[in-house]
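Here subunit A shows up in two complexes: once beside subunit B, once beside subunit C.
So, the complex of A and B:
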């Protein structure tokens, strides 16, 4: 009897792992296909789709597609642009939004509740519903830069960065987190004569590690994967981010191997980053779920 | 916490000010602009001054009419038939072009029609493409919300088991979420391809070649379904994680009690797990619905709204007009209509999660 139930247990375990494994295949196969295809010449890439060879590094394997992709398009520039736009936005978002949340939670000031309510109300406005008028505004805004005062933000870095620095979700995440910090700590620091800046910099921010990670990861994903907005506001190659740079590969003669190489180039770093910080990524998505 | 040490109007405004100004300029202002512009004929670049046009943008987009026509008859009262035997009806043109008896139909086109007995009822729309876009978006939402939410729950329950290495599976199921939807859409073009597509090859191999090859994205009856399946594949891991965090808020003592009572697996789910997930369920459905209404990138990369407008969506139309055709007021009007949909959904959420006294 004991023998039987042990076997039964082993069988059940095997079934469970098989089910989990089959589902896992569904989620990885397009990504494996992308990586393997990026190593193959076009003719082989297409003929391999007829068999499981599509998912294996077999046949004429090389990195040629990667070199060709760099030759065809300014891939390095696109990646650089995306890194600049994403990095600067994430950094500014963390600072501006945490400062705002600090003021909402710890400081008593006239208008606080009204401003916070307005900011949280923006959460129900999807970006897609304001993109068109935002385009009109961005095309007329002044900018004081190296060339002096200019009008119109189209084709620039700032047009991809500034509108996204402050957002309701990030402020909300910081507010939720700060509310759970002991308020006496902040008041005690104030009583002892610390300035607001010191309280923010020396007392609160050192405790904010987890929420900083959450906010940074969410913002990173949104910014790096931006598509609709840069598509509308960036026509010049100089400022194009990776997702819009893709269009390059669909002009004239289409080379699927190069496309796969480019897709792998812009995806693998994010995937590696994700797998490395997997727990933090998943925790950050889970924490957005608390907002109901 | 209201003491003289925590009160400071100037510091409060100084620290919250930058965020408030940025959000006012880049979210609130464009939002108000969208509403304002929807009553004008503003274009991105235009030699003519902008004019107030009232609700005409809305009536242009949403104008719908019903017209029932009787078959044409000859002098003897016999129904006239076309050469192929179908019943002949008077030409629609006669009603929709400068017919003084039917001013409400002027400029409309046929959207679809249904036969009722001998007569035929035509549903006319002033903007047939937009009407299709609204219907496609609603179909997308109505399919994606329950299917994706349900699959995500199944995955969450699978992942919530105590098994060695379960975190590896969780990480894999979540993986597509971090990949850009643009990249995903391009990859799936390969899967759906009519010639060497992976899906056709797989179906062919499973049925020993009996399954006919389908150009999934090029066929009006399969294109939207193909995009729905891909969208679910990409986003289901996101909602699995939200369900998981909901599952983990359910007290283990409830499960212990259920086990002691001898509850079956289904009973445990029905009477312990599911009631504990009520608020999570509302949240998951709302988030999916909001995201689904914003459907754009997949369409832009995979089909551009085709074939035969079978994958047109509200946001795709807003961008095509507001940006592609530089018709800012038309795009803004569509944006406002989209916002009304989204607002209705979030009011529904408020109502569903209201505190029960």
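So, the complex of A and C:
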């Protein structure tokens, strides 16, 4: 009997690992293909796709594609632009949306249900429908910057950041999480003399690690992958983000090796961000004992 | 230190009246317990004192200030919640110091006050732990500690012991009593456990459906309940109620009888009562004794030997049951016939409206 169940257990484990392994493979192989191809000259890259060599670092291997990519486009600048835009947007979104959700969940005010419903309703509006009106507005807005008061936000960082800070989905995530926090914790903090701001900063946000991580990842991906909007509002190379920068490699001749090199480079910030969040996420669960 | 005064305090959620005009005076340093059945509004009333619920009407004062519209932090109160509500991301020390941290108290002051609270509650060795590493009783201590660190005028407790096991509850009950006498602070305590109420309170407020039924010391409520509700709520096992008819009334006595009760005379003046009226007789189980000429005779249907006492269930001829508490070593078996009586002065009579006939 014991033998049988041990066998069963082993079998189940084997099946589980096989399935998980296959899934992992499916997710990983495009990345491996990208990385390997970035090391190969175009001719070999194309001929290798007929065999498993496509996933192996064999043949004429070099970093030439990377040097060529840098020569063809200001890759570093594009990555810098995307990291700035994404980083600032994620940080501001987490702050503004969590504060909004805090007000929706913990503070009693007239009309809050209606306002929340309206905000959640924006979730069903696709960005494409508001892109043109937004463009018109953005092209006329004033901005107080280093060179004084100017009008029109086109070709700037703020035009890529500000429209995405307030975000219904992020507010929704925070609202759901806050609703599950024990209300007596907030009441206890109030009785102990905390202002709303102190409740937010000292009680609610320290317990919000899991939802912060989730919201940050989702927002990061959306922002880092921005294409349509920057294409519309940024003509100058100076503010161009990575996805729009991809165009450089499709002009004239298609340089596949360089495209692969460029893609490999712009994947680095994503991986770095993901690893950072994973650690922060685990640390926050370990220290608060609140499960997400 | 502060007194608490409620004058005609009301609370309604929309059309639902939850607290229907409550008057309570709690003196400085008093231990006041709110008891009542579930849903009667005890927590609501306490949370109104704390400032966590709006007051729909009436006046609430703490000390000599009307606090109706003050936020919790300006009321000089501390509250201990049923769920403890200690902050899971802070150590015990940080939890205890939370109120002082919020108020930007200097570090030396914080350390001294936390150390004192930890000493009073004997948890110096727990200060660096996180709540997840504490037992339920220890968590409750942290919650109480957090309350005493700020030296508030009024402590509010909402069923603080109900999540603890029975033995721990008895220990903590005694500690709370000691804490009260050490600190001399005003305490308002909500419970539905009448043993807690009887043992801790200077003053008990019995609530039912949002109204005050009676306010008094534990023994006052036990011996002189104002009405049927209080008589039935305070005391365990519950007081026995028997419907009786008045046979005769004179200046110093009422003579009553009932279908399952021998006629007896109680030393009450019975002002306003007349022969033929229907009343309710109330007798506590512990006031019954076996006696040959007792007023009640019935068949024993259940015997519980508890050691210090024996609880007997007696079925009367009309089918009604009496609960009788006899001496621990009473020999008594199911099926035998037993006659019990009670001293006449120990019985209570309630009129048709449920109010006790005094005098």
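Note that the second predicted complex is superposed on the first by the 235 of 292 C-alpha atoms of A that agree within 3 Å, B and C clash if a C-alpha of one lies under 4 Å from a C-alpha of the other, contacts with A are read in each partner's own complex, and residues count from 1 in each chain.
Here is the rule we go by: a contact is a pair of C-beta atoms (placed from the backbone, for glycine too) under 8 Å apart; a residue touches a chain by one contact, two chains touch by 3 or more.
Because the structure is a prediction, the values reported are computed rather than measured.
Legend: residue contacts after superposition of the two complexes on their common chain; A:182 is shown touching subunit C, with no touch to subunit B. Considering which of subunit B and subunit C touches more of subunit A, the answer is B.
By the document's definition of touching, neither partner reaches A:272: not subunit B, not subunit C. Once the two complexes are overlaid on the shared chain, A:190 sits against subunit B and subunit C alike. In the overlay built on the shared chain, the residue A:23 is in contact with subunit B alone; subunit C does not reach it. Within the superposed three-chain model, A:207 lies in touch with subunit C and out of touch with subunit B [touch as defined at top].
When the shared chain is aligned, subunit B comes close enough to touch A:246, but subunit C does not. Shared contact residues on subunit A (touching subunit B in one structure, subunit C in the other): 187, 190-191, 287-290. Per the touch definition, subunit A reaches subunit C in the complex via residues 182, 184-185, 187-195, 198, 202-203, 206-207, 287-290. In the complex of the two chains, the subunit C residues touching subunit A come out as 50-52, 71-73, 77-79, 81-83, 85-89, 98-99, 101-103, 130-132, 143, 146, 150. The touching residues of subunit B, when paired with subunit A in their complex, are 1-3, 5-16, 18-20, 22-23, 25-31, 33-34, 37, 42, 44, 155, 158, 161, 163, 166-167, 169-184, 186-188, 190-191, 196-198, 201, 233, 237-238, 241-242, 244-246, 279-280, 282-283, 290, 293-294, 296-297, 300, 315, 318-319, 322-323, 328, 331-332, 335-336, 338-339, 342-343, 346, 349, 353. Subunit A meets subunit B in the complex at residues 13, 16-17, 19-21, 23-24, 26-31, 33-34, 37, 46-47, 49-51, 54, 96-97, 99-100, 102-104, 106-112, 115, 118-119, 122, 124-137, 139, 162-168, 171, 183, 186-187, 190-191, 196, 200, 221, 224-225, 227-228, 231-232, 243, 246, 256, 259, 263, 266-267, 270-271, 274-275, 278, 281-282, 285-292.
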